[in-house]
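In the two complexes that follow, chain A is the common piece, with chain B as its partner first and chain C second.
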Partner chain A sequence: MKWMKRQQLAGYLFVLPSIIGVTVFFLIPLLFSFGLAFTNWLGPTGRDLRFVGLTNFRRLLFDGIFWKAVRNNVFYLLHVPLSVGVGFLVASGLNRRVFFRNGLRASFFLPYLISAVAIGFSWMLLFHPTQGPINQLLVSLGVRNPPLWLASTKYAMPTVIIIATWQSMGFNMIIFLAVLQEVPRHLKEAAQIDGAKSWQVVRYVTLPYISPITFFLLVIGTMNAFKSFGMIQAVTGGGPVNSTLILPLYVYRTAFRYYEMGYASTIAIMLFVIIFLFTMLQWYGQRRWVYYD
Partner chain B sequence: MRGRRSFLVSLAVLVISISLAGISYASEVVYLKFWGGVPAENGPQAAVEAWNAANPHIQVEYVRYVNNEDGNLRVNMAMQTGDDVDILMSHSANDYEQRVLSGFLLDLTDRVDDDYMAANIGSGALRWRVGDKYYALPTNINAIFIMLNEDAFASKGIAIPERLTVSQLRTLANELKSDEYEYAFALDAGNIHGIVQNAVIDTGFVKEDGTSNLDHPNVREGLETYYGLMHEDKVMPVLAIQKATNMAVEQMFLEGKIAMYQAGAWRLRMSNDLKQYPRSFKIAFVPYPHFDGYSGPAHHVEDAMSIVATTRFPDQAWEFIDWYAQEGMMALAPGGRVPAHASAPQAEARKLIVQAAEETYNLESLDRTYEAGDTKLLPTPPYQVLDYINQEIEKYFLGEQSIDATIANMVKFHNDFLNRQ
Partner chain C sequence: MTRNGKQNIGQMVLTLIMIAAALIMIIPLVWMISTSFKTQPEVFAYPVKWLPERPTWEAHRKVWLGALNFVKYYRNSLKIAVLGTVGAITFGSMAAYGFARVQFRGRNLLFGLYLLLMMVPPQILFVPKFIMFDWAGIYNTHWALFLPTMFTIIGVFYMRQHFLTLPKELTEAAIIDGAGHFTMFRKIFLPLAKPTIVTFAILDFTWAWNNYEDALVFLIDEDLYTVPLGLNNFLLEYSIDYPGMMAAATASIIPIVLVFLFGQRYIIEGLVSSSVKG
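What follows is the complex of A and B.
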């Protein structure tokens, strides 16, 4: 019995640093932030701090910029299925014997390792409305008025989605590569013997088999999409005219430019609620298309 | 044995005496940390070194922070955590006000009041007044002016203007229109909200009844004029293109591609550098345009130095600030900064700001801009309002909404903001 207690104590001691870390750097700030949402904390030090009840939440309901950021964030989510889809296609291609396979795998994965800000600046050069190679190519192909890309309220978000897809595709590809090698050969052969064509093997064997991983990538990708910051901040700063403003940028701007910490916490809580709802939606939706052994 | 003991005692006494002497000497030297956003090599380091050489008992170390959102956030955190900051230079009135209201900066009332400011700095100092007090001493006149390519004027036979209204600016830009220049006029994209600030220069952002003044007729006139310059006359870069391409209008002006460039003294460092930016034309100057019947924008008085509330040495910090504003600033003149303090040799500093290339300027017109009368401080709204104004006028200049919708949206947002305060 004594030995058991000593073992338990040792266990607690091992996890203690982690518990302290999580408490100090995560739980306390989380609760603090939740409390702040009901105050009018202003300035760096919280001068004239007052409890204001649900005032910040009421303000949120009529805050056009907040709702625009929500809409933008949902639109920005589009890059998640895109990067999962493209990641799957690239992984399928590179799962065969192709020339320079390892080099290609590394080059597709590389963007995931590069700083989001560096990626942003590189793409800014590519999408430069007048001197960028993309528009120069379009002009040489006869397009008279090529898009202004990041300078246009219409095209800025699609451009950001293209960049985000390119950036996150490599991670998805690596995960798919690992799981594609796990798909049992005999299942594919059985389907072929039954007369399935290549695309039918993919549709009815490979995709169901890898569906738990696809689900995992979609959930993680969605969460990350709602938390994105660096690349968009570097590329557009949320502009032009807030057309690429997403919730984390709005939280940052409200907290550290306007010093409205209370209101920023309210937006952060709404961000948490939205991520939670999307995750629950995906969780319930998975029953229809995810297959577990 | 006794000899050895007495030797050890003497040694101990000597060591203790030396240590105490050292401590007493060290205790007389005060070390101050001075944080500012000006790059050290543009003058602050030279100023600090000059001070340190002349004042061995008050040693100052210059710490440069980057004057952007992240840099200002870092400064605030440093002051909040009681980090080593004794003297702080603020560059934006909005950030400065937050610091005052948060209790980071000492009230300078005993040293600086309205009379002091009126006698030594001028009306521009009002920008740094919070309530009825000052918490900083501005040190630099950041002159604002339009730089003119004299060749462009000479080839059209147009005299260098001494003053311009907003509508005259448009007329002039059209007269200067030529195939030789890509644009007749340009300004830095980040300063586009200046049109609205200028429009309410005499009346302020808030009317007497406490509502938004953004529906003032000048706001409409100003925005329509600049829209016309961009889209109808095509003599000015379209804002969206300028922003998205990071169009270097200052460089284009120095390359002779733009005839008039609205900027300020901060661009003189570039125009002085004839090696990197060689040019054959002379640059003349004219003050920023003003609305007919209204004041013109006064030069910015900035780089405001404060004593940080947590410093242990407020008197020594003030001693340094007082010296820096009057004498130390001369080290910054070659970098384009003219001291704001009346006791400083301002005329000498004005020569220094163009010393590397004085032959290439119309100095008479430069002096005129510094001495321009009938000017007033540009009013600055809080960041929330400023950002919203930027967003709405950007939409208007993109052609995505009418002038009526632009003004209506700005007024509504501003009134909502005022009601919340």
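What follows is the complex of A and C.
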């Protein structure tokens, strides 16, 4: 009995520092922002903080920029399956007999660790609309009017998606590489003996076997896509004409450019709700394609 | 042709394809470094000169010794990243041990809360943290950056995963011997979990070093700027000085590239073992 009590106490002592920090820096601010979402607070200079009920939420319904940011954010999600897909292909390549495996693996993974601002600037020059090497290459290949990339409302988001895929792929690749090594040999060999072609082995043996990991990567990737900030803020700041404005940027802009801190909290709450809905959606969708043994 | 010969050719072809793909991955980095040694007119010369004809240190000199001096930003970033990482590893490994290895009431509920909080986008915390930091008098100080960094949720999650994979007998045997949890944590778990802890030290350091948004929101004085903010500032001040911009960007990634080169094995294996197994 006494031992049990000591055990309890030890448990609390171990988690206590972390719990205090998480409460102060995550939980309280989170609850606080739920409250702020119902106020008209305009930042430290605007004195009178009033509760305005659902006014902010009503405003949100008719805020064209908010809905544009939602649409943009969903479009931006496209980089998640791309990055998971490319990550899988690269991992499959590295999982075969290949020279320089470690060096290759390192070069595929490195971008994942690099500062989004630094690398964003490098991509900005590469994609420079008139003089950038990418467009000069396209022109020399005979493309008459190459896309203006980050400078065009039409191509800015696809460009951002390319950069995001490039940066997030390494993580997916590393995880796939580890799981691929665990696919049991006898399963693949059994399929081959039954006359399966190599793509059929991938389709009917490998993919189902690794599907729980694919699912995990898609869920994490989606969550991160709704939290992205640095790279887009650095390369376009949400422009041109809001074409790359995603929700995290809109929250920041509303709070710290327009100082509408109450309304910014409302948008942030909606962002949280959207992340939650997408996660649930994926959770329920998984039974259609994820296999657990 | 023999089976072996065919295999070798296949291996060569695959290697070539993979090298081509890897080149695409590192071109933006190579471009960054190469441009930082160029003169302005040479930047957009086509075909691209990957090796500048007359490499110059001019841009790097401007970054390190110019009006916006990176030495200052480096000092600030280093201070924040080191303090934040030390805290994150200390508190994080303790919490991970508690959640993975000690039975106590409310454990699952508390851990469930952590999982829920992992979904919270950091932007939702901007405004309330801004207000709280203002009240506490730490807005526009480094405290506003390294204090929250000391409490990592994702780190607790991953380290817990790893602690769960260590054999159960380890704890049971020691408990029967009368060793308390604190002795066990210090004498047995920390040494065993060293690779994981090193991994998270590296990752936390990287995240803290690259943290741009919190610095953007919570710092005003240029004297307090961290490297990503300084980098951004450089762009605002000298918008079309491309070699300068790339030299600043290069300066900002050096510590991360070094850490990666030395800790590669740890990072990769640590990430894998805590997210795949367990």
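In this section, the second predicted complex is superposed on the first by the 291 of 293 C-alpha atoms of A that agree within 3 Å, B and C clash if a C-alpha of one lies under 4 Å from a C-alpha of the other, contacts with A are read in each partner's own complex, and residues count from 1 in each chain.
We adopt the following convention: contacts are C-beta pairs under 8 Å (C-beta built on N, C-alpha and C of every residue); 3 or more make two chains touch, one makes a residue touch a chain.
In this text the structure is predicted, and so the values were computed from the model without any measurement.
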Chain B or chain C, by number of chain A residues touched: C
Partner chain(s) touched by A:259 [first = chain B, second = chain C, both, neither]: first
Which superposed partner A:128 touches (first chain B, second chain C, both, neither): both
Touching partner for A:268 - first (chain B), second (chain C), both, neither: second
Contacts of A:44 with chain B and chain C, given as first, second, both or neither: both
First (chain B), second (chain C), both or neither touched by A:241: first
Partner chain(s) touched by A:148 [first = chain B, second = chain C, both, neither]: first
Which superposed partner A:33 touches (first chain B, second chain C, both, neither): second
Which superposed partner A:87 touches (first chain B, second chain C, both, neither): neither
Contact residues common to both interfaces of chain A (with chain B and with chain C): 44, 128, 131, 256
Touch list for chain A against partner chain C, complex: 6-8, 10-15, 17-19, 21-22, 25-30, 32-33, 36, 44, 90, 93-94, 96-100, 104-111, 113-119, 121-123, 125-126, 128, 131-133, 136-137, 140, 166, 169-171, 174-175, 177-179, 182, 213, 216, 223, 226-227, 229-230, 233-234, 247-248, 251-252, 255-256, 261, 264-265, 268-269, 271-272, 275-276, 279
Complex contacts: residues of chain A adjacent to chain B: 42-45, 47, 59, 128-131, 148-153, 239-242, 253, 256-259
Residue ranges of chain B in contact with chain A within the complex: 69, 73, 76-77, 80, 98-99, 101-104, 240-241, 243-245, 382-384, 387, 391, 394-395, 398, 400, 420
Residue ranges of chain C touching chain A (in the complex, touch as defined): 7, 10-12, 14-15, 17-19, 21-22, 24-29, 31-32, 35, 43-44, 46, 48, 90-92, 94-95, 97-99, 102-105, 107, 110, 113-114, 117-132, 134, 147-148, 150-151, 153, 156, 180-182, 185, 206, 209-210, 212-213, 216-217, 227-228, 231-232, 235, 242, 245-246, 249-250, 252-253, 256-257, 260, 264, 267-268, 271-272, 275-276
